[in-house]
Each structure stands twice: as C-alpha cells, then as structure tokens.
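Sharing a structure with you now.
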Amino acid sequence: MAIDLKTKALKKSLFVFHLSTGSCNNCDIEILDCLTPRFDIERFGMVLVGSVKHADVLLVTGIGTIKNAERIKKLYEQMPKPGFVVAIGACACTGGIFKEGYQMAGPIDKIIPVDVYIPGCPPKPEAMIAGIVKLLEKIK
Amino acid sequence: MEIIEQVKEKFKSKIKSVFFHNEKRVYLEIDKEDLIDVVKFIFHDLDARFITASGIDNLKDMEILYHFSLDSDGIVISLRVFIDRDNPCIESITSIVKGALNIEREMYELLGIKFLNHPGLKRFLTDEFPEGFYPLRKDSPGRAEQ
Amino acid sequence: MKKVIVPIGPYHSLFEEPEYFALYCDGERVVDIEWMAGYNHRGIEKLSESKHWDQVTFLIERICGICSTSHPIAYCNAVEDLAKIEIPERAKYIRSIVGELERLHSHLLWVGLAGHFLGYNTVFMWAWKYREPILDIMEMVTGNRNHYAMMKIGGVRRDIENEDIDIIKKILDELKGKLEMLTGAVLDDPVLAARLKGVGVLTKQDIKDYGAVGPVARASGVDIDVRRDNPHAAYNLVEWKVITCQDGDVFSKAVVRLLECFESIKIIEQSLVRLKKIKGDIAIEVRYIPSGEGIGRYEAPRGECYHYVRSDGTSRPVRHKIRAPSYVNIPTFKASCIGETIADVTIILAGIDPCYCCTERAITVYDADTRKKLFDGKDLMKLSQEKTRKIKKQLGFKEK
Amino acid sequence: MDIMVYYFIGIPFIAGLFCLLLPDKWKTLMWAIAFDVCLVLFGYFVYFFDKIPALTGNLFVWDGLTNFTLLGVSFFGLIISLYSYNLTIDFLNRYYGFLLLTVASGIGVSVSNNLLLMAVFWGILAITLYMMINLGGSDAAYPAKKTFIMVGGSDSFLILGIAIVWVLTGVLNITEMHIEIDRALAACGFLSFVIAAFTKAGAMPFHSWIPEIAENAPVSVMAFLPASIDKLLGIYLLARVCLNMFSYHETMWFLLRLVGALTIVCAVFMALIQHNMKKLLAYHAVSQVGYMVLGIASANSVGVVGGLFHMLNHAIYKCCLFLGAGSVEEKTKTTDLDQLGGLAGMMPITFVSFLFASFAISGIPPFNGFFSKWMIYQGLVEAGKSGEPSWILWIVMALIGSGLTLASFMKIIHAVFLGQKSASIEKKDIKEVHWTMFVPATILSLLCLCFGLFYFQIPLSKFFLPIMRIDNMEYILNLELPLLLIIAGIILGFVIYPMFMPRKRRIAPVFIGGEKQEEEMRISGTEFYNVIRDTRFLKTMYVAAEKKITDLYEVLKSTVLYFTEGFRVIHTGILGTYLTWILFGTLVFLYIFIRW
Amino acid sequence: MKKLFIDYEICNRCPGCVVKCSYVFHPANNGITAVREEIAFFFACRRCDDYPCVNACPNNALERENGIIRRSNFLCISCKSCALACPFGTIPVDILQYLTERCDICMGNRLNEEDRFICVKSCPYGALKVVDDEQLKEMKNLHTIGQHIIVKVINWLEIYQIQEK
Amino acid sequence: MDIIKIFLLILGSFVIFGISGMISGWLDRKITARLQWRIGPPWWQNFADFLKLTGKETVIPDRANEFLFFLSPAIGIISVVITGAVLLSGIFYKPARWDLFIFIYLMMIPSITIFLAGAASGNVLASVGAGRELRLLLSYELPFILALLVPVVKYHSAQISEIMNYQMMYKINVGYISGLIAFIVGLLAFQGKLGYVPFDVSEAETEIAGGTFVEYSGVLLAMFKLTKWILLSVGVTFFVIYFLGGFHNLITGILKYLLVLLLIVLIKNTNPRLRTDQILRFSWGWLTILGFFALILSLAGF
C-alpha cells in the first residue's frame, strides 16, 4: 500500500533533468518551451531541476557524441533510481541527420537504456508531453 | 575598389594575384612570409574586421583563406595563402588579431596546421580522438584507428 | 595564484547545450576561464562535403535550432554568390520575413533565458509567452515551429499566401503592444539594471580584437550589420535602422536586442505589404552549380553568419566553412569575464547569447578509405556496431 | 585557611622550578609532575568547592569568585598538561616548568587580596607568558617580545592604578575598597586597572599581542594562556575592579561598553578574513572578550552573571578550539586554511569536538555560548530599562558580532574539516590523533554541551549566582521552556530520524555538470568573505588594519623608536639576560613582601 | 602526353562501375562515372526527335543543348526515369547519380605518383588505359573529349548527321 | 513541566507547520504560476513531491562526509520544528516565557544546516553555494535583527508575550511608522532566510546547479524541502504574531498569514537574483539604514 502510494506520488511528481548530448539545441529549446505558459508542464507536477541527483527523468537530446558517451553513462549512474530516460528528437532516437557522423556514439539507446522515444525534429512540445504521458503509463 | 588599389600599391609585388569574384568579393593571393605584414595593414590601417580563416586541404598543398570584412563597404577580402602540406606551419596572426585564437586552434585540430607563436595550440573539439587525426584532411583515414 | 576550478557545464542548466567552462576562481571572482568545447561537435563541415547542395540546406539548418534559418540564408547566399544567381524579388521578401521572424523569436528567447539565468522567472515566462505567437506564424507559414526548411538555393521553398499575410499582420500588431510592455518592464526594472549595468563591459577595441559581431558588437557601439553593409534579401528595399548602444555591458545588449525586435517588426510589416503586390516566382530554377568559390553572409540574431563554399562542379561542396556568430562572440569572455564574479560570469556568458551547437559543427568523417581499404555499407555497419559495443563495454571509453 | 593558600601557590611553584631544573629528556617524568600537580589541585578545588569558608584576610581573599577562578585555572592546567603528553617541542622542561609557574601565579592572582601581591603574580604571569611563547622557536621571538612589552606595560598601569588607589584610600586590600569615581584621579585609577585587565584579556585596543603570537607560539600555549587563563584572570580583575573596588559611574561604564561592543565587532571583522586557523582563533579570542566586558559593564546582575558565565564558556570552547587546531597541526603540519580540507572523515573525534565548540562560540542553542550571550543581552535590555541610552546599539553590535562569529567558524569548518581534500592532504595518511590529544578536546566540547543543556543547574546555580548573591533570577528561567523544547526536539528527532533514514542507498560520484573531477575543483573556503573585504567602506578599514594603525603597540613603538635611537647602545640586546634578572628580582621582591 | 583511353564498347556493357578513383575531394568518388556520363550523352545518345528522356524527367533536370543532352547536377534526383524512358537504352543507370562525381584525369594533386590512374588498374574489364599518341594511331572510332580523354566508341552523332543529310 | 506536553508541542508543531508549510509552498508555486500566466500545480503537489522523494533511492556522493551529509537535514528539520514549537508554546503556556533572542538564534540554524549540507557534499558547486549561504546569512542577519529589535525598543522588552500583549492593548506594530518600516525590512531580510529570489544565490540553479543541495537526493532532499516549507510557514507565522497582532481571531489571522505570504511571493516574482556583493551592499546599506531609521523612530516614539 505504502509502495503503491509512492509510485502514485512518483507519477504525479516527475523532476526532469535535461541532458543535451550533441543536439542542434532545437529540441532543448522545445523542452524549455514545455515549461512556459502555453504548455506549462508544472501542471503535471513536472519541474526542471539543475542537478541530476534530484531528477527522476533524464530528457536526452542529441546524438550522443563520443565525448559525451561516458559522461552520459556517469550521469545515468548518478541519477537516483527509480529513474527514467526519455530520448527526445530524431537525433536521440536514431541519429537523425547526423547519423553518419563520425562523432556519433549513439543513438542514445546504445549508451543507456531508454524508456520512451519521442521522434521528431524537433518534436513539438505537445509530442513531448504525450511522450511523458506514455512514460507515466509505463511506471508501475 | 580604391581600397584594393591601396593594398596593391602598398605591397606591389607581394600580391601575387588579385581576383575579383564580383565587386564585393576579392581574393588576394600572397606568400606566407608576407602574411603578417598584409594582415597588419588590412586589420589596422584599413580597419577591417577579421571574420574567420578557412583552411583547405588541396593534397598538393594546404590553403588558408583569411577573410576580412570592410564593413563600411560590405566588401570581403580573402587573403589566400598556400603552405606546404608536409610541414604545414605558418605564423599565427593572434598577435594582431586576438579573435583568431580559437579559429587557429580549430584549424590546428582539424587540419593539422601548426601556427607558430600561437599561445595555446591545444585541441579542444576532438580531444577524445588519437593524436595525429586530422578529420578535415582529404586523405584522412576517415575514422580514427581505435 | 591559487587555482580553484568552478565548473560551469557541460550539463548545466545555464546552457541548453553541453559546454564546459572551467572558471578559475579566487573566491567568487573569476580570474581565468578555460573553454572546453566539443561536446556538441557533430562534424557538420565534413558531413556537408558528402551531401548534395540541396541536402546541405537541411543539414545546415540543423547546425542550430535557433538560427535555423540564418545559416541556410547565409549558405544560400554563398552558393548564389558562387553560381552568380540572382533570386526573384518575391523570394527576397520572403527570406527577409522569415529571417526577421526568427530574429524576433530568438531575441525574445534570449530575453527570457537571460531572465531565467538571473532567477527572474517571470520575465522568462512572459517573454516566452510572447514568443509563442511568432512560432505560430512560423508553423502557419512553414509548417514547423523551428526547423522551417524555407530556404532553397535560388529562392525559397514555400510561398506566403495572401490570406496568411493578414493573419500575420494581426498577430504582429498584438505582439507589438506586448513587446512594448515587456521592453518597459525589463528596461525600467531598477534591480535588473543593478544586475546588468556595467557588467561584462566590452570596449570597441575588444570587439575589434575578437572580431565580435551582432548585438554584442552593436551594444559596444560598433555599428556593423551585414543586412545593411552587404545587402541581401530585401534589406535594402525596406526602411529600418541599425540599433547601437555605447556602453557594451550586458544591459546594452538587452537594450539592443529588445529594440531590434521593433525594427524586425517594421521590416516584416513593410515586406508583407510589398509581398502582396509582387507577383512572380518564389524561386528560380538552378540547374548547375559550377566550380568556384563563394561567400555568403547573413546577419543572424546573434550576428554575422559566414559561410564559405567551394565547388568543383559536382553536386556537393568541396569545402564548406561555417563561421557562426557565437564562435567569435564567445571568446570575448576573455575580455569581459575576467575579474567578474561567478554570478556575473554566467549572465555575461548568457549576454553573448551563446549557443554552442554552431561553434562545434566542424567534423564528421565517414570517408571510405579509397587507398587502402574499401568498406562497403555492411562493413561500415558492422564496424560501427562493433565500435558501439566496444564503447558500451568499456565504461569510460577512451582512444588509444 | 591561610596556610592552605601557601600550599596552593607553593606546590605548583616549586614543582615548576623543579621541572625547570630537570634535563630535557625526562619527558614523562615532567609530564607526570605537571599532570599530577594539576590533578591534585583540581581535585582539591572540586572536592572542597563550596566547602572552603569564605575568607578575607590581609593578603588573601577567598570568596565565590575566587572559588570559581581557582577551579578554572586548575582545570585548564589539567587539560593542557594532559594534552601535552605527546608534545614535541624543544625545552620541554621549560614548558612544564612555566606551565606550573603559570598555574601557581594564576592561583596567586585570584587569591590575593593585597593589590601589590597581586601585581607581583601578575608580573610573573607576564614573564611565564613570554617564556612560553618563546618556546615556539625563533619565529616566535618577535611576537614574544611584543607581548612582553605590551603585557609588561600593562603591569606598570596596574602599579600606577595601585598607587592611585593607595593615594585615594590608603588601603591596598581589594575587599576594603569602595571608590567613587568622582575625581579625575579616581577615573585615572579606574582606567589604569581597566587597561591592565584589558591587556591581559585582550580587549581592543590592547589586543594586538594575541593575534601576533597566534601563528608561532605552540598551540597548547595558545590554548592555555590567551585562550583560557588570561581570559579568566583578566576578566577576574575586571570583575573585581568593577564590582568590588569602584562604584558605578555613568561615563566610565559607558566607555567600557563601548570598548566591549567595538571589540566584538572589529575583532570579528578581522577574524573573518584570516587565512590561518590559529590567527583566526586568536582574533576570536579577542572578539569574545567584548561580550564579557559588555556583560560586566551592563551593571546589572543578569548582565554581570552573563559576562562571567561567558568568560567561563569562552575559556572552555576557545581552549577546545585551540586544542583542535593543535591536533590538526600535529597531523598535517600546517594551519594554513588554504591547504587543509576534508579532514572530517579522517579525524572524526577532533572534528566533532571542534564542531561543538564552534557552535558554542557562535551561540547556537543549546550550547553554552548561547546562554551566556543571551544573559548578556538580557542584561543590556535591563540596562535599557533603567535608563542606559544606547543599549539597543550594544545589542545590535553584540548580535551582529555573534552572526559574524558564526560565519567565520563555518568558514573554518568548511576549510579544515569539510569541503574537499587538498592535494597535500590527499597524499598524507592522516589518522585520528593520540588519545591524550583528543580526550581533552572531547571533554571540553562535552562541557560546552553540558553547560548549555544544564546551564542553570551547573554553572549558574553553582558558580555565578552565589558570586553575585542572587537567589532568584526569573529571567534566566525564561529560557527553560525553549530549552526543554530543544531537548525534546532533539530526542524526538533522533528517535524518529532513523526511521526516515534512507534504506536505498548508493554511492555515486559527485555531480559537477558531468565533467570529470579535477584536483583544482576545490573551494577551500578562505575566500568566502572576500566580498566583504571588497566592500567600499570596509575596504578602507581593512587596508588601515593591515597597516597596523589600530595596533597600539606598533604605533607606540614607532613613536618611541623615533625618540630612543640614541639610547640603543647601552643595551646588549639579549632579552633573556634581562628576563633572568627580572625574574630573580621579582622573587626577591616576593620574598620580602611575604615576610613583611 | 598521356591520355586516358576508354573503350566504351567494353565499358558500356558493365552493369555497375566498380573502379577506384584517386580524386579525393569527395569521399568515395568514382570519377569515371562522370566521364561515362559525358560519353553517353555525347556519343551514345541517339538524339531522338522527341527526347523521351527529357520528357520523362520528373524534375526537369535534363535539357538539350545543340542536340546534346545535359543533366543538371543540381536538379537530378537520381530517379532513373530517363534511363527507363530511353528507347535505345543508351543511359546506363549507374551514371545517373544524385551526388555527381568528378574526374580530373589525375591532373590535379595526388599524394603519391602511383595513385594516378588507379581507375585503370582497378577496372576489372580492362576498358581503361593510359595511352600516348603513338598507341592511338592504329585504333579506329576514336573520339576525344577535351584534351585528355580518348574514347573508342561508335559515334552516333556521325550517323545522325549522315541521316540529316 | 509536563513532559508529555512538551513532546506534544513538538509533534504538534511538526504536523501543523509541516502541513501549513506544504500548503504555503503550494500557494507560493500557484501564485507564481498565475503571475506567469500558467496554471500551476494542483494543491497536493508538494505532498506528492515529498512522498515521491521519500520513496526514492539516496545517492551519496563519493567525496562526501557521510556523517554530516546525513545529519544536517535532520538538524535543519529539528531546528525549524523547535522554532515552530516555540511559537506554538503560547497556546499552552500563558504567558509564554520566551523571548526574541532565542528566536533569532534558532532561526539561524536552518541556514547553518544548509551550509553544512553543502560543505559536507564534497562538491565544488555545493561549496560555492555553501560559501554564498554564509555570505547571505551575514548580509541579511543585520537588518533582520534591526527590524526585530524595533518593537523591543518600543516596549522595552524582548519578551514576545509582552509584545503581543502590548499589541493587543494598543495597536499592532505595523500601525506605527517605525513598525511598518521594520516590517518591510524584516520581510526583505526574511526573503534571504528563505533563499527566495532576489536572494536565492545559494541555490541559484542556473549558476551553480542547485548549489548547496546539488548532491542531495531521495529522503534527504525531501527533508530539506520540508525544512524550507516549515521555515516559510514558521517565518510567516512569526511575522503575523510579531508585527500584525497574531492569531487572536483565527479568520483574520489566516488572512494576515496569506497577506504576508502573498507579499513574499510577490517580491520573489518581481525581482531578478542579486549578486552576493550586491546583496551585501543592499542589506548592509539600504536595509540597515532603514532599520536604524526605524529604530531611531521607535526610540523617538513613533
């Protein structure tokens, strides 16, 4: 019962940490856009936090360059569990237009386990919210 | 175009060729020994703004284009310098233009051109790759040996 | 000198992108800064050598999400310069409109983020709220909120319909009032002024030394603007003026950006009026890209985008050099940040409006080795899989 | 009883002289002598506390204040000698010898009723202080000289005061005096005494010797003399002067308060920016004097009790802090804050005792410092009620001083124990110090807590209320409820907290934006207050302070030197020779005096 | 003067060119395709009256200049419609490349001397040769493109011209 | 004294101020959101946050000093609960025997625990935050004290119960000019204690990534959040009691509470973050001058 309550609370209160790993920063801008009046993800209890130690969800954008790969892993390790990873944008899901890039160590799911993929270049904020709703369904 | 005349006047034989792509785009070819003088003149006396430098690998040699903008006329002057490919080194212009610091660093990193008297010729973009890996060189093996 | 490194980044909420500034501090005072880049390095310069001229526009767009039409414009200018193409008038106006809309949204975005960095979230929210209608226009006109895919060598890809023009005008009119309010709120706030005035001052000499461009330069009284100096698109066909400030501090940068918004609106409105009258193609047909070299410039929201392309007559560039505005603006931190406090450094860095994506475009190598070994697609796939596996295996992957 | 007093003074005195004669190598023997003597004395004073009948003789006085001071002196002697077990300095014989001599003369000062006798002991204290500082090696020579000249100079003020008092009243017995400050001469006499007390205790502007010696004198000496014994005795004298000898006078007392408040604030500002742990502690040793002065000068019972209580508390926690600093220095060989860091894990006991003492000195409830400060505030409020005009100013200064104290101690805590390890510490294999070093500190820190939690039961009702002859202090009881709440809160907290203790734990690297940890990513904490230093107004002050214009000694020195260039030739310049003569002369003087 | 000789009779039969090329300004450049494209349009094309290829091109990439087909390197999307449309099958599909290639007949820069003309060495069918004028003397049906390329091909242009007459 | 009563008081304070703190925290977020044209979180948001954090794993940084890392949240929470209990004690004990000074000192402890937490984390960013927290403490403490001393000067007593009685008898403290000024100064200084904008330098998410709390996660973070919420509630309650005449009438009391809360949130949302040196200059300059001015006024009887 207590566990149940905590899971429920988790669903209602996701702290997201934004991790950009070689993106074109459009996805990142759109993530920030989610915070702003039109989309306002705080309605759902989501807050953007500055430290990965507070986070429940990593929002990963970008192709995951070689320079980033080990850092992403480190950050994933630092995130307190239960924690989830959302790959945002074509880049994070597949590599997108930079797929042939030499620097590419990703896509992200090659580096860390990904729970939800949100494709698009960039995905619209609505899509991101929809993706996170999918994530909520996944949390048990 | 008087400005180009001025440059020609000043350096005469040192300007190996002048090429007008159109009236706003001028390419001047010079020797690498004369670079500093010409840059000094263009940067200080003509009060041009340094835009950037593009390094190009021609296999036979390397080419560096120093782009300067004369903002009041909207003219872009590109100084073309050819340097030896086997031993690519050239005087750094950072002593004149501070802003060239990172631009030259990048060229060093991606093309392997050594800039003499550059204050901090370190890699900063691809420092995870092995030494001697110059991706923008045309004969670059394509991937660093791992 | 005792060195204390305070790391700013790479994954830091100050930046949307990963970037690492090692601040060498003495107390709160920053005595030196080291800039480590490469986290976002995707190798676009190299990638573009293996893409079709037309594909490159899309790639270039993805240099960055904020200047996502500035780089294409500069690139198209470069290719048009190379091929000596004159674009139709209608295309010129549309380019200006899209470019200026982007400037609007980008400046608002900056104002918001600057507020956010200062902990002034109200400004952040307000600015971004006012930015939304612009994105709406964008979506209406181009079909996407951010990567518009509007530019094309020889013109533009999509037209702006007459019916849309009225709607755009209406939205802009509404926006103007709100913008005025926001400008007032930001510029008259004494606390903001206390925070921003006299901070991170760049002198004219600094600007010249570092070759800084855009609002950063204009805030220091350096009157440069490629739109005026080297006219392209429709900028010489409409009335507007270049905003400059003399102080060179972060506050003037804010002033310049906010006032530029009004100029942008002016440009857009005039262009829209003209656009209605002009009939004709939106693009000319480009058949051949001859060999040669070309230079393209465009005044992106953050300053001059500079593209140099060289062609050998095939359907892809031989060399594509991109100099994004932030690449020359960021190093000015050497002049403006040293001696300031950490808190100021963050806002000074933000004042440059840096985004690092564009500074890190340069490489990506995927040449098949033509001399020694030929990989085919499958080999490459295998190799890359192997590599990924390898990376996966060794946590803390390192070459050699 | 008289005869006992001779023993109290004589035993340590003789033991001290004996130690001086012993060869340097017999470490343990000397230690045993010192320790045992102090133990016996302390045991005696504890056992006979309250049981010794009050005594007011020609030469000696024995009342509540004496009782308390004696307890203090012997206690700190005990603590320090325990701590010194593993001490590694040259001339240990001198160390223990002078330690015992100090104890002896400390006892002497506090029991003497005759002012001249007191002056003699006072003089011996100055000498032993000088000698003990000198043990710090050649670097300590200059500060030692400075100290000697300052403290010695204050002795002459004492003598001057005695002379004035003699002229005024014709008696030399403290207990028989009640002087109205109605004339200039009386005021001069009062001020002379006060200067003597201030110099000893280290109130501004006579403080400059304390920070000066801090860096070079052995830490245990710092802990013993300026931190505890000198405070006890200096404030003892002040209390005697203010309570017994002179009667209340508006202007004079105002002056005292002013000095007290200024001392608090100025010294704490200096402390804030120090980079050396010992020096920082020394400045606090100065700053805290201000509270005591303020308390005693509040001229009402709550305040005076607060001041005396604070004196005790200060001696306890400052001693503990110095001992902690000593332990750190023992292990790391440095007290430079920039080079320390992250010691908490390696020296947990030292850390906790240091932390407690820091809380105490910053006045965090429920540590003892809070209660004495609180009483001082109450005293000031009371003073305000009875018409003291600027009481609120003193309160503000005292409160802000307390805030600043907290800030500077947190800085030490960060720089020494928390934060990240510095490169030099990372290399060394540092462990907890020997038990003889941490036990004294632990005892003291527990005392801090104990005197806080049971502030009424032990220190107040045992020591101070009897001294002031107050039976009922309603005000003090005011604290009872909050205190109970605090205790209950802590108990509840520590009962409930384990239930909340995170069950799922994992150790992971620190988050620094994903970057790799580098050695330089370390804030030592010394720069915390650079901002304050750079503030426009304060900057000029600090610059001035660095030029030592606030240092009375330096100012006087430069003026005197200007005049005395010519006399230099006659001096051999070997200070030790002079001192031996002085010591010898004082002994002769003492002998004559006692006979007479 | 050395010239690159292409025997288009052999070459034309080849389903997909596999030669290596030492022109390295582009990754995986196969310069010979560019040459073959030129040959195809110059010599192999039958010059139809109604240009089925031009009409078939969905992107308007083909145009006719003086009767010779020219493919725009910018517009072609490599859909191969023209190859299908050509009734004579004169356009080999592998020359219709989206990313066009370049052959500089190894006149430009090469790192090593032996890198020159590696197309010749790597053509499995022997369609390529480096020749000098002496060797060319005996051969028939030779045509030159520019100064450096010699093609051995039955020139449909001539036939066309004959028909015209 | 009755032990049970004491413990009840502590527990009561924990529950009352915990819940009202969470609600206040939510109000803060909600009002902020409304000011920014957002909808904002639902009322149970802070409860959900708290509950979720308790269910999460705690990540201990490898360079931390574990002892303090675990201890400081506990001290923090205990200190604010005790402060709350001291405030509440007026309900049980009449007249409540406690005075201003203990309140001032108790209110310092949360800042210290935040500092200790940062210092114990072994992280540079946290260290920077910790340093800033201290500077912040230094800066706002002086005006805070000055502001709180104004009624003391007025009534010549540091006893809060007496001050309350005087307010009942005459008029509430903000009714006097000096009291009003003191209230404003105190509120601004309290903003610093709460670590709200413009004084949120020690957390400064966009500068040092959460500052002192950067390493905290799970239960420990939850405790700090709770500490902050309770601090908010306790502080506002204190202001209501000390300056606005207290809760004698529950309805007006709550209205007063909301008013003070609204003021705090408004200040928070209409200012950017200041730099530490600016904070220092502001609070040791303007605020202190104002504070002294209020003191002088109250000495003069206004």
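First chain written, first letter: the chains are A, B, C, D, E and F, and each begins at residue 1.
Everything that follows uses one rule, which is that contacts are C-beta pairs under 8 Å (C-beta built on N, C-alpha and C of every residue); 3 or more make two chains touch, one makes a residue touch a chain.
All values derive from a computational prediction rather than experimental measurement.
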### Query
What pair of chains has the most C-beta pairs in contact?
D-F
### Query
Which one of the chains is farthest from subunit E, going by Cα centres?
D
### Query
In whole angstrom, what separates the CA-based centres of subunit A and subunit D?
58
### Message
Can you work out the whole-Å distance between the CA centroids of subunit A and subunit B?
### Response
41
### Query
Once you find the CA centre of subunit E and the CA centre of subunit F, what distance in Å lies between them?
82
### Touching two or more other chains - residue numbers and ranges from subunit D
504, 506, 508-509, 511-515, 521-523, 527-528, 531
### Query
Of all the residues in subunit A, which ones touch at least 2 other chains?
19, 36-37, 49-53, 66-67, 71, 75, 78, 80-81, 102-103
### Task
Among the residues of subunit E, pick out those that touch two or more other chains and give their numbers.
24-25, 27
### Query
Given the complex with subunit F, which residues does subunit C contribute to the contact?
4-8, 12-14, 27-28, 115-123, 125-126, 129, 189, 191-192, 194-195, 341-344, 346
### Task
Would you pull the subunit C residues touching subunit E in the complex into a rising list?
49-54, 153, 285-289, 312-316, 318, 366-368, 370-371, 374
### Task
Mind listing the subunit B positions that touch subunit C in their complex?
21-22, 24-25, 27, 47, 49-52, 54, 56, 65, 67, 69, 71-74, 76, 78, 97-103, 106, 110, 124-130, 135-136, 139-144, 146
### Summary
subunit B partner, complex, touching residues on subunit E are 24-25, 27, 108-111
### Contact set on subunit F toward subunit C in their complex
32, 35-38, 124-125, 128, 131-132, 197-198, 200-201, 204-209, 269-278
